[in-house]
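Next up is a structure, given as structure tokens.
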Amino acid sequence: MTGSEAADWWATGICRMEPGVVELRGIPVQDLIGTTGLVATVWLLTRGSLPDPAEAALLEAALVAAVDHGPQAPSIAIARMAVTCGVGLNNAIASGVNVLGDVHGGAGEQCVALLNEIVEAEASGRSLTDAVAAAIAGYRYVPGFGHRFHPVDPRRDPLLALVDQAVADGVVAGRHARAARAVESALNAGRATPVPMNIDGATAVIYAELGFPPPLARGLFVLSRSVGILAHAWEESNQGRRNKGPIPPSILPTYRP
Amino acid sequence: MTGSEAADWWATGICRMEPGVVELRGIPVQDLIGTTGLVATVWLLTRGSLPDPAEAALLEAALVAAVDHGPQAPSIAIARMAVTCGVGLNNAIASGVNVLGDVHGGAGEQCVALLNEIVEAEASGRSLTDAVAAAIAGYRYVPGFGHRFHPVDPRRDPLLALVDQAVADGVVAGRHARAARAVESALNAGRATPVPMNIDGATAVIYAELGFPPPLARGLFVLSRSVGILAHAWEESNQGRRNKGPIPPSILPTYRP
Amino acid sequence: MTGSEAADWWATGICRMEPGVVELRGIPVQDLIGTTGLVATVWLLTRGSLPDPAEAALLEAALVAAVDHGPQAPSIAIARMAVTCGVGLNNAIASGVNVLGDVHGGAGEQCVALLNEIVEAEASGRSLTDAVAAAIAGYRYVPGFGHRFHPVDPRRDPLLALVDQAVADGVVAGRHARAARAVESALNAGRATPVPMNIDGATAVIYAELGFPPPLARGLFVLSRSVGILAHAWEESNQGRRNKGPIPPSILPTYRP
Amino acid sequence: MTGSEAADWWATGICRMEPGVVELRGIPVQDLIGTTGLVATVWLLTRGSLPDPAEAALLEAALVAAVDHGPQAPSIAIARMAVTCGVGLNNAIASGVNVLGDVHGGAGEQCVALLNEIVEAEASGRSLTDAVAAAIAGYRYVPGFGHRFHPVDPRRDPLLALVDQAVADGVVAGRHARAARAVESALNAGRATPVPMNIDGATAVIYAELGFPPPLARGLFVLSRSVGILAHAWEESNQGRRNKGPIPPSILPTYRP
């Protein structure tokens, strides 16, 4: 029967929909409204069940930490320029979110994979030192470490402190945090200027400790950074520029044939 | 001095950035991490200061309510198809978010404007009945009311109940809620099948009560629906289809020259 | 029968598809390959039949004229930044094309509508002078006229010369060109610095003369500018920058709370 | 001097811009208008100089061949749904173009790389048979070959015939065409149902013969398919649906927890 074929083509376990009914992962939406936080709902929809409050709190800290890094970030600049071109905030956000790719927003995803690799190698009997050395061998830039701007990323320490507390409270196991610190030590050994863990690394520790698979690390960063993208697009739209270019109109791009 | 000209071109009040420093609306990011929720941070970045907890809770309920409405929504279907085409989750989310336009995601924005119009007319001495009649006169579809699918939207009552509680607690004034209910009554007068307030209307009441300007209603909906878009894209990516079209490959689109 | 319902939901007159068969607007694709130009194919798909060669040539000139205007254009800058973020050329083009909105790319669409309005007013008996005065009365910026950068847009004269030739050859009627020149005269009357027709205006004349409805003017501009967007994204990707922001990293955006 | 630093940050060799001047790759734009085709302009901007007419004609055939493949293609379906959501044609095109990723639009890019690899292996002394066997060894789906829908892709033969003619005319060398046919033979050896070269393969032959690097193959496909995306979005916008989902509203997606 082709009707059910079309229905099955769009089968989902996330949302059950009937006239008068909206259920998310089996929970009527009206039972979530007013009882469940947005971050717990993110977890529910992506993972299939609700988190413990302590898990949600740790995730929430990571999502808050990455909301914005100013207009030097391409995603932010793009959204600000977009909104001056006569499109809606949804379009401006889309043009910005779209560039959270392997280089701009992908470090978290890559770092979760890296930490998983180290933790699994350790679980299979390798020493942490060896596991780290093997995992970082192939990289020119190890994802989640180093920053072109901050000598120390101000978001690193508070995030790791929350992870340490969650380990102490038995919320997470702490193996990915240990792996990340071991990577940091290995990278800094013998260097005058350190290559400290950055925001992508610190949030990757949290995502990995909480069991999010690597691609969702990128997805979670998208949700987080969308907040800053929206705020910047909105601020720009109130400044009244039209067709804002990347540099003031008085400065012409150099022609270099 | 052209260097400062370029710096000024990108002036912002949202984020202060110096080596080792990230401040959001004047608050060091490390003071937000672990103390401030994601929804409060949305408020901070878009409005300039932190909300009261009761305000944040009301906003959070609205954001949770709208996260998903299943694959029949174009934004969700688009993101699911996108992720089967060999692009990242960021790209899939962008293609989906991009369509939250005047028709799909704009009803909330339009409804906030409508409620503001009614509240302002009332404030200038008009009766609520007259203000409502004038405000809805020009519409074929009044934004925020009626649903092609749900006879009663299951998200309406719990959201309005939270607004009523917030009015009782002195958190919000309740004028926009009153206006919205008056619109509903006017639309339903003499009709056999009611045109009830829908999710866009119920969340618009909250956004308007909390003082968000109309365009931010769309922006907030984007943040909310991005959660469902991410979850659906992720679910689809785990089903392994490649180049998923809108209907099964066995069904060919009708050719109608 | 629901299978045909799903098939009908996607009914189209553009493309007939069966195993081994691809027909575009009733023409087997293999009959187009090698015989029909890309611009004629644009016409075929959007209009339903093939253009005369002289019509296609006029359209081609308009499409060539608008391919690029350098990195100061937000669409170009966005695509260049996007490609440094680790996304594909398709994603970079999408982020750029997305901002060709009412302000950046919409002037052509608005100008076609304006010219149509004047031509129709004239056809109904009004004088050209009156029709122009009425049509431009409401605008702060008349779409298609004036340029913040070029005192005279170098693309104006060659495009209008081609239109004049096409009028002489009986290819188009010339009424929209006459209307556009009348708008130009009206805008410049009594001004020291002229407000000349710009690229959007000159291409709008061509689109309108050729009978394209206003929204397709924007669509055609998207096709044209996509060429420049692709070229710039490609050039940028060969320069090796990562996460390119809008200004050099040495210049920090001004913080202005 | 920071002004020139900002100017240099946006240096380009594609477009020189001064008041009254627009030069593309050193050619005043007014010299291109009316003399140079759109496809030759694509070549000029991406490659740096104008093609011979025979080269442009071959490229044009490839671009025409890929403009559309109906609403079953995710890019087309997405643009059609997008335009019903209250966004502009530019936004609808962007959401569609965005998904021309590694799986949907990337086969051409991958196939050019594959053909280059074979041609280079042959040039370094390997037999064609060995070079092909080595090149295709790792693939589950060899990019550019096989089609889930067409037993024989109707666009294959006319495109290859044009390549053969171009080889006979000395326009291109023919090595990539030979490599592609050798891949086809290798894939079909001993199979009952052949795995013929598809549109991505046939256009990849042309792009590779003309010297386009692999990523530009994807870029060229984006330009080509944008034509169909525009046409479909436009057709859909004239059908008047609002918030078009992927299947008719009467068919509910299956809930499968």
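General remarks:
All chains are identified by letter, namely A, B, C and D, in their written order; residue positions are counted from 1 within each chain.
Convention: contacts are C-beta pairs under 8 Å (C-beta built on N, C-alpha and C of every residue); 3 or more make two chains touch, one makes a residue touch a chain.
Values in this document were obtained by computation on a predicted structure and should not be read as measured data.
The interface with the greater count of contacting C-beta pairs, when A-B is set against B-D, is A-B.
Averaging Cα atoms per chain gives one point for each, and the point farthest from that of chain A is the centre of C.
Once the centre of each chain is set as its mean CA position, chain A and chain D turn out to be 32 Å apart.
Centre to centre, using the average C-alpha position, chain A and chain B are separated by 22 Å. One simple way to say how far apart two chains are is to compare their mean CA positions; for chain B and chain D this gives 37 Å.
Counting partners per residue, chain A has 2-6, 8-10, 12-13, 15-17, 70-72, 77, 87-88, 90-91, 94-95, 98-102, 105-106, 149, 246-247, 251-253 as the residues that reach two or more other chains. Taken as a graph of touching chains, this assembly is complete, with every chain in contact with every other. Per the touch definition, chain C reaches chain D in the complex via residues 2, 5-6, 8-10, 12-17, 19-22, 24, 28-30, 32-34, 36-39, 41-42, 45-46, 57, 60-61, 63-65, 67-72, 77, 80, 88-91, 93-95, 97-102, 105-106, 149-152, 154-155, 157-159, 161-162, 215-216, 218-219, 222-224, 226-228, 230-235, 237, 247-248, 250-251. Within the complex formed with chain C, the residues of chain A that make contact are 1-6, 70-75, 77-78, 81-82, 84-87, 91-92, 94-96, 98-106, 148-149, 242-247, 249, 252-253. Here chain D touches chain A in the complex through residues 3-4, 6-13, 15-18, 25-26, 87-88, 90-91, 94-95, 98, 246-247, 251-257, going by the rule given at the top.
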